[in-house]
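Shared between the two complexes below is chain A, which pairs with chain B and chain C, respectively.
This part shows the complex of A and B:
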């Protein structure tokens, strides 16, 4: 940490300020020619690392959800954002979520649902652009939640590597 | 008395008791799957292994009789190791089905694997595969992979339900449970095997996948299906009843209840034909009105008649409090003795286990109050004559359906000058009502039922009506009820606009100049105890969870009690 000098400790050049002002302007000039950090959002999108926690989504495998509606995500959710209703299916997995809703106004993006899921069926996506104008729009049903597994590959690899 | 030492503490026992019986009576937990206090000992799960000093090997606590001076260790290193190994064996072929298994959350295998298991398995080979969705009978689904072959269900059918319908077939790791060829598992107590199954091998088809157990709240109540009055838990999620399970009461229903009660005794509470709010007939149409209008209409209409022009039908489906208020209303306000109830007897539908012929929960209670099936030559049989001869002009029906019991009554009822009906659901009588009050069901109110043995038992509200707030009125709450807001769909379940009969009756009576000064159903009950000497000095707290038995030889002579 820079030691703060008292006024009486300053030398002559420091005391007249001109040199210091020039020093500061040199720094500005230097950065003018350095690569830019500013991102032109929304034209230019941020590409997140796989560790990023965006909105939770359901993994769709072969056109169907992996979810077996065990309700653990719903139980672990500290904000009570998730509602699951199970029903019976003829598939081998026996049950599927007849209704799966996440209230995105309640969701706090903690990722507990992903962590607890025994089927790797709910994962945190990279989607962070969530805007709604109506309360009902904030409740995401299966239509908005289901995402093909191909789009979620790097997150699935990430959670397997950090288990 | 002989004494046995379990984990360093001496316990007295009666000769012939097994170690596990002594332990469970004294609150020492010995894990077990196949042992059940009401079933014979089969000793095949090996989970209750304990170490007994001077015995060379670990012994199973369920089949070893306690002996004087015996020293038992349940937590010694040898016993713990033994249990861990048994647990590992049981889990070898048990599938990892917990996420899709209805038993999860109340599963003995989950609990014991967590508490007594090692937490990992050395078994890397392929697990055994067996049929997963076998319909054993109309209500019970069997998953052979999950079964740990404890044989509780087999012994239950044979010993308790007296219907030997299940058996083991095959041997070793291929062992499975089957019904006999061409036969179904359809005895009237079949669903009890779902409760006693320590794993999720046997599940209730009616409840299958409806909810996880931790999402529901349980309320201690009484089954209204017959005069037995089995003690039950009502399981509710989002103000909707999802299942009923038996609650242990040694003297009434033990650990069991019948399938009829479990399947049929809650659906009407959530049904679409519930009467939601009071109705009044205007231009031959029943129109929904508010409570004040309905009550004031009833008051002004009732003033038109006097004394013996009234007939009142009490209800063996309603609580003692409701019927007491009705009786007091008839005697003090209407000034008539014309009060009777309709018996609902199904001759022959009775057994030595639980089921009773009398299909109502509270007919004994009505008889205690002095209400019988006929009064002053008035009963269901003579009602239509009396209406047609205009000696009865006004009929009040509480929670019953006289037209369904006696269809010929339909014409007579239309000759009445006034018909007031209190009903929970639409039925054949409600359409003819001039004033229709919505009554709360047994799952929505406080009160007592008296069963055929004279057990006075409490019912408690499990479902909230429109006047009720789950937290302020002390109803059982699940996590969802505690934290849900009006914006959350999962906490916004339907609430019916209905009230207990005694509340509605008191309101009408007070408007007619009576003194029905009750705030709660317990106030009504306290007044009953002052008037009915068999119930003297009782209150809700003394009745408690397991009920209070009226002992009276006089009542047995009068055939009121069995």
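This part shows the complex of A and C:
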């Protein structure tokens, strides 16, 4: 770190500040022509790394949800945003969620549901553009939550690598 | 016919002024953005060019809020004073040499007054009333502080500004801006003859227009916007307009008094036809003014604001002696070398 100079130590040319002012002006002039940092958002979107926590979604394998409706996500959710109702099925997994709802007005994108899930059935997606105009629209049912597994590959790899 | 020419001149001057102010705001936003590595307004129209007209339109439809305890009449009067003063100063500033239009010699000035400089100085001093009265009439402590600051600042900087101008007047021996400009042909720009006066005048001009290193009347972080805190809608727009109009006046004045007006070395000596020279001169003049406007914006986004005591120190202990030194220098120059 540079040694702090007191005002009394400055010589005459430093004290009239004209050199420093010109230096500052030159700096801003240089920045005038530099490339800009701005991302033109709606046209040019952010490419998220796999560690990005967007809205939580249910993984869909072969047209069906992986979820076994154990209710752990619902238990762990600090914002009480998840509601699960289990039902029986003829499949190997025996249980499936009859109703799975996430209230996106309550969700805080903490990712606890993903962390606690024993089946890797609920993961955080990259989707962050959530707009709704009505309260009812903010409660995402299974129709909005189910996402094919192919689209979630890098997130699944990420959680496997870091679990 | 006699009244028609001045009226068209006035209409053109005001139209151009309003147009230039809207786009000056646009360029201020653009340049500030570029300096800060941003892009700036680019959504409304191509390159965001319609942003400023859209903003003006929006200001028209805003609710006009007057504080309950404000002095209503003065509160409404203050922006009018600011704007009228700013606009009437344009009348005596020429925009170029005489040109021939439809076989008639037209002066590019609304009113060619013999006491041009005096007129400008007088009106610039009235301009402070707009700000001070608005600060007082708003019945808001921040506005009041802003108004008081502006009056103190204007008074202390007007002095050094006036004395620097005296240097120019000694050289040109006239108060008419035409004569002052015509006296600066070739390399005889006042900025070269009296550099100290040039610097003091530019600094004082920044202080007079309340631009950034000296924008204490506004001082957003401490005074919440200063004198125009309690203004909204068109009254605010008038203050805004007046501020930018003052900036243009200051640039015009700096060019006219110190940077040779429409004179540029080599252009006059180059043999140009009678018809083209005036137009080129106007172009040169406007280019210089545009560059100065850019400097105004550039300085605003480079240099931090002065503290109040620093402002007063600079005004009284540095600017005033410097302008006096300049006055002595010019007097000696004229006495011994008769320029």
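One rule holds for everything that comes next: the second predicted complex is superposed on the first by the 146 of 163 C-alpha atoms of A that agree within 3 Å, B and C clash if a C-alpha of one lies under 4 Å from a C-alpha of the other, contacts with A are read in each partner's own complex, and residues count from 1 in each chain.
Here is the rule we go by: contacts are C-beta pairs under 8 Å (C-beta built on N, C-alpha and C of every residue); 3 or more make two chains touch, one makes a residue touch a chain.
Keep in mind it's a predicted model, so treat the numbers as computed, not measured.
**Q** With both structures superposed, pick whichever of chain B and chain C touches the larger number of chain A residues.
**A** Tallying touched residues of chain A, the top partner is B.
**Q** Look at A:94 in the shared chain and tell me whether it touches chain B only, chain C only, both, or neither; answer first, second, both or neither.
**A** Touch status of A:94: first partner only.
**Q** I'd like to know which partner A:36 touches here: chain B for first, chain C for second, both or neither.
**A** The answer is second: A:36 touches chain C but not chain B.
**Q** Let me test your reading of the model: by the given contact rule, A:48 touches which partner, first (chain B), second (chain C), both or neither?
**A** Neither partner.
**Q** Quick one: classify A:24 as touching chain B (first), chain C (second), both or neither.
**A** second
**Q** Please report the chain A residues shared by its interface with chain B and its interface with chain C.
**A** In chain A, no position sits in both the chain B and chain C interfaces.
**Q** Report the residues of chain A in contact with chain C in the complex, numbered from low to high.
**A** 21, 24-25, 27-29, 31-38, 40
**Q** Note which residues of chain A are touching chain B in the complex, please.
**A** Touching chain B from chain A are residues 68-72, 74-75, 80, 83, 86-88, 93-95, 101, 103, 118-119, 135, 139.
**Q** Name, in rising order, each residue of chain C that touches chain A in their complex.
**A** 31, 33-39, 298-299, 301-303
**Q** If you look only at chain B, which of its residues touch chain A in the complex?
**A** 98-100, 104, 132-133, 208-210, 212, 214-215, 479-480, 483-484, 487-490
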